[in-house]
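The first chain written gets the first letter, and so on, giving A, B, C, D and E; residue counts start at 1 in each chain.
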Amino acid sequence: MSKFIKRKAREAGLAPGTLTDHNPSNEAAEINVIHYDGENLEERKVINADECSVYKGSLGVTWINVDGVKQVDVIEKIGKCFNLHPLLLEDIACGGHRPKIDDYDDHLFIVINMLSYDDTRKDIISEQVSFVLGENYVLSFQEDIEGDLFTPSRNRLKGNKGKIRKAGADYLMYTLADTIIDNYFIILEKMGERIEEMEVRLTTNPTPALLHSIYNLKREIITLRKSVWPLREVLSRMERDETPLIKDGTKIYIRDVYDHTIQVIDAIESYRDVLGGMLDIYLSSVSNKMNQVMKVLTVISTIFIPLTFIAGVYGMNFRKNFPELDWEYGYPFVWGVMIAVAGAMVLYFRKKKWF
Amino acid sequence: MSKFIKRKAREAGLAPGTLTDHNPSNEAAEINVIHYDGENLEERKVINADECSVYKGSLGVTWINVDGVKQVDVIEKIGKCFNLHPLLLEDIACGGHRPKIDDYDDHLFIVINMLSYDDTRKDIISEQVSFVLGENYVLSFQEDIEGDLFTPSRNRLKGNKGKIRKAGADYLMYTLADTIIDNYFIILEKMGERIEEMEVRLTTNPTPALLHSIYNLKREIITLRKSVWPLREVLSRMERDETPLIKDGTKIYIRDVYDHTIQVIDAIESYRDVLGGMLDIYLSSVSNKMNQVMKVLTVISTIFIPLTFIAGVYGMNFRKNFPELDWEYGYPFVWGVMIAVAGAMVLYFRKKKWF
Amino acid sequence: MSKFIKRKAREAGLAPGTLTDHNPSNEAAEINVIHYDGENLEERKVINADECSVYKGSLGVTWINVDGVKQVDVIEKIGKCFNLHPLLLEDIACGGHRPKIDDYDDHLFIVINMLSYDDTRKDIISEQVSFVLGENYVLSFQEDIEGDLFTPSRNRLKGNKGKIRKAGADYLMYTLADTIIDNYFIILEKMGERIEEMEVRLTTNPTPALLHSIYNLKREIITLRKSVWPLREVLSRMERDETPLIKDGTKIYIRDVYDHTIQVIDAIESYRDVLGGMLDIYLSSVSNKMNQVMKVLTVISTIFIPLTFIAGVYGMNFRKNFPELDWEYGYPFVWGVMIAVAGAMVLYFRKKKWF
Amino acid sequence: MSKFIKRKAREAGLAPGTLTDHNPSNEAAEINVIHYDGENLEERKVINADECSVYKGSLGVTWINVDGVKQVDVIEKIGKCFNLHPLLLEDIACGGHRPKIDDYDDHLFIVINMLSYDDTRKDIISEQVSFVLGENYVLSFQEDIEGDLFTPSRNRLKGNKGKIRKAGADYLMYTLADTIIDNYFIILEKMGERIEEMEVRLTTNPTPALLHSIYNLKREIITLRKSVWPLREVLSRMERDETPLIKDGTKIYIRDVYDHTIQVIDAIESYRDVLGGMLDIYLSSVSNKMNQVMKVLTVISTIFIPLTFIAGVYGMNFRKNFPELDWEYGYPFVWGVMIAVAGAMVLYFRKKKWF
Amino acid sequence: MSKFIKRKAREAGLAPGTLTDHNPSNEAAEINVIHYDGENLEERKVINADECSVYKGSLGVTWINVDGVKQVDVIEKIGKCFNLHPLLLEDIACGGHRPKIDDYDDHLFIVINMLSYDDTRKDIISEQVSFVLGENYVLSFQEDIEGDLFTPSRNRLKGNKGKIRKAGADYLMYTLADTIIDNYFIILEKMGERIEEMEVRLTTNPTPALLHSIYNLKREIITLRKSVWPLREVLSRMERDETPLIKDGTKIYIRDVYDHTIQVIDAIESYRDVLGGMLDIYLSSVSNKMNQVMKVLTVISTIFIPLTFIAGVYGMNFRKNFPELDWEYGYPFVWGVMIAVAGAMVLYFRKKKWF
């Protein structure tokens, strides 16, 4: 499978919504459940996904976080508990989606991409995080098992800071989305640092390696852009749409996340402009340097070729009527001529600023 | 007829909707009928297109698949059975349409392009597949006789897997469209592999042949793009439009196909960006290599031209006052001067990083 | 008047709708009238435009075709007969309009551009064809007298083929528009052939003349594009607008013409892409060829310059301590050295793939 | 003040709508009043702007034209007479606005740019013309005193040609706007002529001066474009908006002006395309010419360098075993060799089409 | 933190709307309160932000201006007085926002960027100014303490000039926004001057430093653009939206500011076009100059290389059948040949305009 395509065409002959088990390494999914209301909070690890069903109609808010989506039966069991459509489950399990929001009347399905910078592959890694927002529950699915972006949110819930415990599931949803988008700023800062470093190299030592770096960064910015642009639409719909699942009091917070997304987009566009300018300057300075070198080399040849001609003249073996050869000071005189010619050319070239 | 235009201007003086017989090779159309409901399924090959008329008002769902659209009378007979507009039949028979959807009240006419990669012509082949979706029937017309993309769907129907047998004609229509779009991912993967292979050649051996490969791929991507962009609109209208022919329960599946189309478009845009970057790097590296070569060659000339001049000086035949010629160690001395000059130049050029 | 502007600013001080007589060559307009219903058809040439008035309120459909719009009084008389607005008449007489549709309640005014390829001027010629569609009449005005695109339609009417005689004026209008747009495909095919021919020249013999050809074709495509893009809007409005002049049964035919227009636009965009790619390849291959030549020439110089230096050394006239000159095999030895130097350089350059 | 900015920031601390007197040269405004109805017409020059107030509620149509907007008190007095908003007056006096239309309920404020070509500055001059259209009056303000574009309209009014005297103030407004836009075609024709002249120079003598001309014209086209694009919106709003000030009968004329504006825009876009193509051809032909020159020069050097080497060989002073020097026909033989070498190279280079 | 990102990701685990104290230098905020109605005006400096609460429900208009937003408790206290949402306060304190308008029913929150040119950093500095517009109050927050753009507005209020004292809070809001946008014209004028200066350098002395200047200016224009584009939307919404906070009488003023913003955008787009053209001319003239130099140098070499060859011929040591060496006037004759060859080449090159 090419590295450019994340989604694999569904095996021919399979019905849509059929979850195929892409789990060669047999990774187990980790299910973490937090159930809370203004006063109490309960956290537990769930082994059997069926247990989730108890939370469906309960009072208070339930947040079920699943790390790892490759264990198909877990996804299916949770889907059954919360009455999720098979296509929704396929979207969770398959990955590679751009950010989107689907309205299934009694729950919203929201996909956001989490981005991280992989230092070894020197590239931005995009991981799909899927959310299902119901009336009193939030389900979140993270593609990879390692790393959990949501630890701070969990701590905030436990610490009962701010209004998070008093507010409903929609506010929790907002908190999680906000965490992911805040994370984009870290990526942006790292990119900013690399651009600044490249700018230094651009003025001191523009090498072809720099050119490759610029193009790599450009490609990463395109990846980033592809994750952020549709997110804008997703958030805008969350704010505008008439869904009872997102209360009016929460919409102001979503507008805030929307504003942050706009800031991210602004920064991305700035980076593109800056990189574009750097490319132009790079190409222009490489060509300029080459021109300088060629000019100097050509000037040297141009000065010596006429001198060589003069020397050649007096190396001719004519035996008659070749008076200069017999002059008393023929040799020094020729040196004088040659120095004069060379000097005149140097002066002329200098005046023309040719080297 | 130019290879760029698929549609031929209708012969002057012909009424619209007149089907002209473009069938020099006298290819027969193959008609395959599947009639099914939740319990029974009947499959047969139809020789005389008139026989199709029995299926029009029958219970259950009928799927008539026609391979080969050049046999005009077959198209016309089917058109008469299902009461299709002459312009619709012309669209089926003519080919070369971009994806579109036309609403004829009691049936929808849908055109989708099937793409395949032709290894001999080294190009993407686009084949028009036309669908007519009625209340209890689907007609599908494939331009070419060989190859049938729909075998898996047929098997699924026969195997009675998933909900396909219980659902109506609209769900069958979805299944067929989904099959075609899933097929795009295979094209995308092949393209992705070629891009990766080109990236390797770009760093190891950038030849003009590579340039042509890049442009060829770029052109194929444009072909692909032209098939996929209007498809987005077609699917979006299938999902949104208020037609009784597509039930609400099926719309969620069409939204899923729509999402896949968006993924295809995303991948296409990525490929374009990547190819654009490769072109720039190619041109820059070719120019860079050329510059290196010219610099080295010029440096060699530049070093030897002054030396040749020195040798020329002592080849002059002045007979008087030419003391160096009579020096005891004139010759070794001149060698020393020449080596010093050459060495100084080499050092200077090295310091300047000119070669 | 510049060739780029077709319309001339109206003479200052003239009221709008004043028809000025731009008819230096005194070309007479030819008026051809066809009056028909399902059973009868009458065709005649009209000398005095006033005679047209009898057709205004008559039963059946009247088609008045005027070849040549420069004879102002003819236009004015017809305008009076059918109660046309002075501005409409000015638009007919003036020419140079882009396709447009104006709704004058009891008639529609439609402008379409007819295109033909002028072999002598090597350019696309655009001719404005103006239509007035009333309830039971169609007026068509062609700018030039020679050539008549509508002969096939006339024959179809006379032959009573298809539904043309039974249908109303709107269907006749559709037939005429369809004829013009079908004609675009002929232009497109010719362009396609030229592009293919250019592609061959591009790989075999890329000359500056080819570059000019590419730019010429690019400009023609821009002309074509300017005629076709607004046409899309015109046809779309004919299909969508709520005008009693176009019956619902005819709208399906107009949608068909609309689809053909989209196909033309698609082909135009493809051509632009292909030409863009050809330009890039042209420039790149010219630069590549030049680089090859310069490299070979420079390599030759670079090999002989050091050899010349060696020969120069042994042309020096030092009289003492110049042992090589007295060696028994000095001369062959120097030849050996020179051959070795040249050989080493050739091998090195070959290894580096410099020529 | 930079030449790029026409508007100057308002002096800090001034209330909006404060008219500051930018009238260093103390230019007087000329006020010309024409009052007419179907039967009578009265024209007079007004010295004191207060006199205008008599026309406000009078029967018939009043057209007040003011040449020169720098005399602030004149603008203010007229503003008081017709009850105009201070901001509207500021817009008139300040200049530098893009075309716009503001609806002040009982009058419309319309800004259009008049363009003229200044031969001395070799640039397009844009002058703001402001209109106030009331129920029975039109006020027009021209920035500069010299030159009056409206003389023909004035003559038409006096001559009572066409419907101008019978129609209302809105028709007068239309006439004036039409005059300005007709004037654009004159600018376009001049530009067209310059482009044609440049095309000739492009093929005969492409100099850097031509490059500057192309860029200058490009810049002028951008100026023109900036005046015309917003005008399209202005006219479109005049046609569509529900204002009692523009009667339905007049709207058809405004649509006509709108069509002309579209033609101007079309021509501008064509010019841009043509100039873009000319730039590309210029750069390509300059580079091509340079390549030709360098190739020929390099070929000459490449032919003579090996010959010089041969001559150098027989200039060596080896005293033993140098048989050629003693051959009877050594000298002619060497000439033969040199001619053969040179000939072979010339043939080879010719075959390769290198010069 | 990179210089490209102004906003810092919120510390993980913090609730939204938590104001973190980014105030290392412990800068105090200065609070200036002006309370006025048509007759009286009171101005005072407030030390304790709590005092602001008295103004909330009072008659007349209150303008509270805060210089410096880093002292978190001040912002919070004012927020409590006027019942502002925590997210709004976070937006004020955080900075780095693009212009926006948020409607909180009983007050509007408006962000505008103030721009100034920093001569030391040679860059445009963007400072966020936040406004809260309530029914009878305006709060304005400036990021930096030094410099106050609003002094003129303050003087106007005190001086009771124009309608500012009689009008409400919305008119004050307009005045302040107008002041900021008027300030953009000063930036534009400075840029215009730099562009003109660059144009002079472009024709007299195009150096790589000029290239960097062009790119720097381009980047500044992008910064400016990013501040102004969204402002257009903000003002357009202020004019259109149905909010009781902005009275109809004030909307006409806001439309005026909107027009100015459009003028700024027009100027920015002009600058971009001009800079684009300058870049092209720069690159073209650099390449042209280089070509000239190389051509002249190559011409010199090309003339002398054949001459050197001729001299080399007569430096050969053939002893027999070398007649020229014994000619009486061999030497002058060879000089003649050499001068003839050189002259012919010079004439040929001149005719070809190669130097």
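Assorted remarks:
As a working rule, a residue touches a chain if its C-beta (ideal position, glycine included) is under 8 Å from a C-beta of that chain, and two chains touch if they have at least 3 such contacts.
Quantities reported herein were computed from a predicted structural model and do not represent experimental measurements.
Interface residue usage between chain B and chain C, two copies of one sequence, is largely distinct: under half of the residue numbers at the contact are used by both copies.
Look at where the CA atoms of chain A average out and do the same for chain D: the two points lie 43 Å apart. Inter-chain centre distance (chain A to chain E, centres taken as mean C-alpha positions): 26 Å. Counting partner chains per residue, chain B shows two or more touched chains at residues 294, 298, 301, 305, 308, 312, 315-317. Taking chain A first and chain E second, the full cyclic order of the chains is A, E, D, C, B. Remark: chain A residues 1-5, 7-10, 12-18, 85, 87, 90-91, 96-98, 100, 102, 208, 211-212, 215, 218-219, 222, 226, 279, 283, 286, 290, 293-294, 297-298, 300-301, 304-305, 307-308, 311-312, 314-317, 324-332, 334 touch chain B in the complex. Across the complex, chain B meets chain A through its residues 152-153, 155-156, 161-164, 175, 178-179, 182-183, 185-186, 188-189, 191-193, 195-196, 252-253, 255-256, 259-260, 262-263, 266-267, 270-271, 273-274, 277, 280-281, 284-285, 288, 291, 294-295, 298-299, 301-302, 305-306, 308-309, 312-313, 315-322, 352, 354.
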